[in-house]
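The next block holds one structure in the form of structure tokens; read it before the comments.
In order of appearance the chains are A, B, C and D, and numbering begins at 1 in each one.
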Amino acid sequence: MSMALVVDGLNIRSRQAHLVRHVSFAVERGHSLTILGETGSGKSLVSQAIMGTLAAGLNATGTIVIDGVAGPATTPDRHRLWGRTLATLPQEPWRSLDPTMKAVDQVAEGYRSLSRRNARGVAGDALRHLGLGGAERHYPFMLSGGMAQRVAFAAATAAGANILLVDEPTKGLDIALRDAVVALLRAALAEGRTLVTITHDINVARALGGEVIIMLDGEIVEQGPASTILSAPAHEYTRRLLAAEPAAWPARRPARTDGAAILTAHGLTKRYGHKTLFKDINVVIKAGECRAIVGPSGSGKTSFGDALLGLTPVDAGEVTRAPWIATMRFQKLYQHPTAAFAPRIPLGQALNDLISLHRLDLGRVAPMMAGLRLNPDLLQRRPDQVSGGELQRISLLRLLLLSPAFIFADEPTSQLDPITQQEVMDLLMQHVAEHDTALLLVTHDPAIGANVSGGLPLLPDHGRSLLAASGQN
Amino acid sequence: MKGGCTRRDMLLGAVGLGGLLCGCSPGEQTADREFLIVEASHPTKREPTSAGKFYALMGIAETLVNVDDRGHISTGLALHWEMSADGLEWRFDLRPGAHFHDGTPVTAEPVVRMLERARKRPGVMHVVPIAAIAAHEGRVIIRLATPSALLLPVLAHDSTIILAPASFDAADQAVQVIGSGPYRITGITEQEVAVEAWERWGGVPPAIHRARYLSAARPETRALLSESGQANAVFDLDWPSERRLRDAGHVHIVDIASPRTTLLKLNVGHPFLADLRARQALSLAVDRLAIATGLFGNADRAATQLLPEFFTDWHDKNLPRLHTDVAQAQRLLAELGWQPGADGILLRGDERFALKLLSLATRTDQPLITAALQQQFRRIGVEISVIPCSPAEIVAAHRDGTLELAMFARNHMMVANPVAVLMQDYAKGGADWGAMGWNNPDMIAALQTLASGAAPERAAALRQQIVQTLQAELPVIPLIFNRRIAAFDKRLANVQVDALERSYNMAAMRWAD
Amino acid sequence: MMGGWPRRIAAALLIAIAAFALAGPVLIGLDPAQQDLGRTLMPPGGGDLLGTDNLGRSLLARLAQAAQISFLLALLSVSSAAIAGVSTGLAAAWWGGWMERILVAIADMMLAIPGLLLVFLLIAFAPGEVWLIYAAISLTLWIEYFRVVRATARPILAGSEVQAARLLGFGATYIIRRHVLPEVAPLLLTLMAYGAATTVLAVASLGYINVGIHPPTAELGQMMSEYFPYYRAAPWLIAAPITLLATGLLCLALLASRDKPQ
Amino acid sequence: MRSIASLLGRRVLQALLAALFVSSLCFFMVRFLPGDIAFDIASGRYGQEMTTQAAAAEVRAELGLDKPMAAAWLSSVSALARFDLGRSYTLGKPVWGLIREQLGHTLQLSGLAMLFSLLIGPPIGIIAALRPGGLVDRLNLLGSALLRALPPFATGIILIIIFAASLHWLPAAGHTQRGTIILPALTLALGLAAVSSRVVRSAMIDVARSAYFHFPLTKGLPLSTVVLRHGVRNMAVPVIAHLAMQFVYLIEGAIVVETLFAWPGIGHALSHAVRERDIPLIQGAVLVMAILFVLFNMVIDLVLVALDPRMRAG
């Protein structure tokens, strides 16, 4: 039984900080290792050290043994192993495929020993094997997310690499896509490849099995077989991580359902091209009520919320708002918090602009910052200089300043780590409850949807996506 | 797709570079070496009355009579000519065996046709009182209304070149140039004309068989064409280029006096300039010597009178020279009631001594002279604003009376007798390229006497009278004498430069090696 | 891209050039039009710091005056082109529809006219006038700003950042000031720096083909074409304006080469 | 395919409108220029020393310049509608032939300049982009600023001094002799490459940061292959759009280089035509150039569509 990959005493330092300390592990040939941890835990640095793509300012020490060949942690020659020994599955496959090249060619160019024609033949076979028959000559923009995932997989493994290093393969994916990726990785394992997966998603770790490493602040806090660690965690942090899974969230007190109607939609219909996103939907949203829409990507969830807010035109139907509520009190929380801020303006400036525009009370900011556990120093920074969780909380703060009557929260936590996700969600729910705000949450995670709606039926009704509601699939 | 394209581009580039290296290979035989001659003007036009100069210079077309570089009339297409006793009828015998480049013989009829054609168009023909032109027994007969000393000089002018009838289309537009000179055109484009020796040319066969004219507007280009050895003869060099080429020493520089004078045309009818003292003051303000040495490196170029030494009969060494005297100029202007204002510019009542100076935009030396004048006039309190313009604007401003000052170089040997040009320029009220608002009946009479022919002693007295009048009255202010500067390949022998700009003398040159 | 020090040097040099242009003419105290035909083409050093030109004028004094005139006019011409281009570009991106179609059609039409011809024709109205040449050039420059601003502003205005700002109650002025201009500004600065150099060079080129400014106005481009014939007799004459322009341009390019935030 | 057809249709309509607009604009601008148009034409015809009142009167009568301007405009537009560009006022030759020859020379020169600049600019830009802040990048920035500040006639004279006067490899000027096109084309190309290398650099940096550039590297492809196969094509889309604009400016910017190298081109002809008020030549040249501009844009659109499959769909 030989080791495919051994990392021994890996330390990574930047000029200011010691980022990764004493990380050592070994993966057996044909086995799976999953590194679990949050953003900033150093798990991606470990992956970069193995691939040899650490940023210039970082200094790594220790030994890395790949396929029996030992070498220092930092070596300029690591890229010689790429493709043939060491492969990586890109995080965002549709961005990693060349937009100007056909799928089959992107796979074929990996078979460098073969002639161009033979390579295309083999690449076509590989794609058909992955269920992509018919899509060989498609360009990336014609592929769905799942298809792009599989093309990227075929391309990454074309040169025959046996060690597959995968960094956050499921970030931002809905459940169906996540399961497809996991299936792909399991298939790779079944073919005898060695798999190193870096993720914050416990479901992925659980599905892949094998060994699990839990990282926190650059150190390994726990290490062992997945079955043991994920069912009986020894370390306190692992326990928190497991508790942050939406399925494990404590049930919430049901929101009130006796409020006045603040938003009524009647017969809402929207088409996108030839596709009907939703059709003839009637909804009444009452003050203080929390509702959720659950569905996969592309099912029209966001368009529905935007239609309620009047952000997107509809093909039929109408939305009426309670006339006594100011326009400004209908708000939206965005999936990518960076997409809601002017990128070059400091956050404090953005908040001050809002306060002076609506003549709000500046005094409310400090206590609210505290309530959202935000450091006042963050306001000096630009949106790209704070973490996703912090930025999402600041955008929540910005909404709350306007005392919203209705918030459309569009996947507000799907880009966040599990612990941060739970924290942001708790803060959102707490403020919504305190201010008697109606909430419409869009999510692809049924567990979150169920948790938030607190027993109220999902929109449009139980368990159906909008597409299903409109009679399509 | 893109990758393939780049490779193909590289291939093309390599071919281009390969072609470039065999661009100029030395060591050709002198017999088929092409002679390259460079000057500024464009051979774009075919119309003989306006573009004839170029075709004459190149030896493509001939005139009835010729003029040598001292201004003496010699034979051209006409080998002999005679004048009737009353001086009214001239008969010309054409050179036997002369052929146009299309093979047709040069007979009296096409010559008469060309002369009649030139008479119908604007040009120098009008200074001669021609009554009729006819062909008679193979001779060209020209009848005059009154005797004229200017007929031969005018017939030597390049606007009267003789072309074959096939040169013109049905509407009498010139479409090609079929001359009878030692060279015929083999190719003509916007900026280049290729010629080769015409085998049926009657004179001495040219030693240089093939030649090409290249028009290069910039003096730097011309100088570098000479310096690089690409061009064998380069004309119209400016001072910096000439100096550079002299220093480099690869080429032979010829610098000869030219009959052109750069002068200041004044509107004598203008209230500021009508009084002679004002014109004298302006003339006294000009430091010609400083301009000649500072800008052109040649003290001899300071114009001391209108006509340079080139005109041996006309240039009067005893004439009081035009000179510089700022104090005297200021006194003269003070006499006219001008007083310096706060900014140093003269004021008279609510008038300010400020004038507009039109200057030709296309000449490279003109901006330098005008800049110097501007400064020198400022010293006596006269403000000049320079307006770059085209020749047409000077003519138009002359006509509508708005012209104040203008500067240009006048070729007083444009016709082989300066009387022709002076008669035009200093006629009653002046003319476009001469005086303006100025009238001297005595001088006009003197010119007319000279034009119709006068005995040598009488002529000399008249010339002196004219020159003295011009110097005293200052209808124009002479500034700088121009020179004709050319650079020649040192491999050339028998190089001659024609100051009259009548011929490049290509047919007379030969390769020395 | 570059470390901090080249940018600091660039900024310092730019300030020096600006100071030279603003205060130079006064500090040097020489009349840039004062000729001495007895002392033409004197090399640098000696009596005059940078030597004398073809008319015996102080090159230093002329350079200072030229820097003042050229940079001022280039700035005016480039900024008027930028103002016209930015406002039409924003209008097209903001309103879209027929407004955009008309503006794009006008810009395309203007592009189809050879800019050179437009410049020739305009200059023919008052030959040799400095301001007219700059005005004519700025008339051909605005289209570039229009196209860049429209192309940059359109996705921004359609983006979720602007949607969020609108939901929060912000109006057009705020959106343009906080969302559009900060994104467009670095691009505009680069365009304007190169546009200014293009303008000066255009004046030089026009002077070269005899339709430019007439002496004695000292202007950088005009100096280049005026001193060009002396490139070997007195190379410092043409080198001076070119060096000044190249230095200014390099400094601006260094300052504008700031990387985009990721 | 339907989108391509509608694109072509729109471009043709645009060409016709542009032609009408620009030719009328030029007509009126020339007629409103100060001065007497007859004198300007006469000086163009007969030369400086022959420009007299009589010559101007003859021109005025022959060309009917006394007629009302509106009538003259209508007749010029109707002639253009019949594709009759007329005859040059000063040269007497058909305008179409003049333009074909002069614009042909300019296009020849600009085309070769474009080719040279493609051989110089993009490779330097790509190398600079692969190591931003490296030596090549710094030298490129310096060289580009210097070349952008160097008037084209100065660049040209430096090239002539090196390649013609010192090395004697190439002719200094002219246009019918062999090799004369190379130096003027190189002069223009250097100016273009100064800009295009920086545009390529910044486009290439964007591409090199993208995931689709990094991913093929991890597939085991060598950097050179990835640059050529994935870098260049993706970078080409913004760069070609930029170069297309450059080419249009190039045709106009050639005038200075044409003057220096005694190369007969349209810029030169236009400057004379404006001075001599040769309305038919101006109108004809503008018309042909406007139509060429639109056609050229059309070709660029098609090239972009060929390069980027996403545009084919949209």
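Assume a residue touches a chain if its C-beta (ideal position, glycine included) is under 8 Å from a C-beta of that chain, and two chains touch if they have at least 3 such contacts.
Since the structure is predicted, the reported quantities are computational estimates derived from the model, not experimental observations.
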item: Highest C-beta pair count, chain pair; value: B-D
item: Centre-of-Cα separation between chain C and chain A, whole angstrom; value: 47
item: Whole-Å separation of chain centres (CA-atom averages), chain A against chain D; value: 50
item: Cα-centroid distance, chain B relative to chain C, in whole angstrom; value: 41
item: Rounded Å distance, chain A centre to chain B centre (Cα mean); value: 84
item: Set of chain D residues in contact with two or more other chains; value: 153, 157, 229, 233, 259-260, 275, 307
item: Set of chain A residues in contact with two or more other chains; value: none
item: Residue numbers of chain B (touch at least two other chains); value: 218, 220
item: Interchain contacts, given as pairs of chains that touch; value: A-C, A-D, B-C, B-D, C-D
item: Sites on chain C touched by chain D in the complex; value: 1-3, 105, 108-109, 111-117, 120-122, 124-126, 144, 194, 197-198, 201, 204-205, 208-209, 211, 221, 224-225, 228, 231, 238, 242, 245-246, 248-250, 253-254, 257
item: Residue ranges of chain C in contact with chain B within the complex; value: 33-35, 37-38, 40, 54-56, 127-128, 208, 210-211, 214-216, 226, 228-233
item: Touch list for chain A against partner chain C, complex; value: 309, 311, 327-328, 330-332, 334, 336, 339-345, 350, 353-354, 357-358, 382, 384, 398, 402
item: Chain C-touching residues of chain D, taken from the complex the two chains share; value: 14, 17-18, 21-22, 25-26, 29-30, 33-34, 132-133, 137-138, 141-142, 144-146, 148-154, 157, 195, 245, 248-249, 251-253, 255-256, 259-260, 267-268, 270-271, 274-275, 282, 285-286, 289-290, 293-294
item: Chain D to chain B touching residues, read off their complex; value: 35-36, 39-56, 58, 90-92, 101-102, 105, 112, 115-116, 118-119, 153, 157, 160-161, 164-165, 168-180, 182, 228-229, 232-233, 236, 259-264, 269, 275-276, 306-307
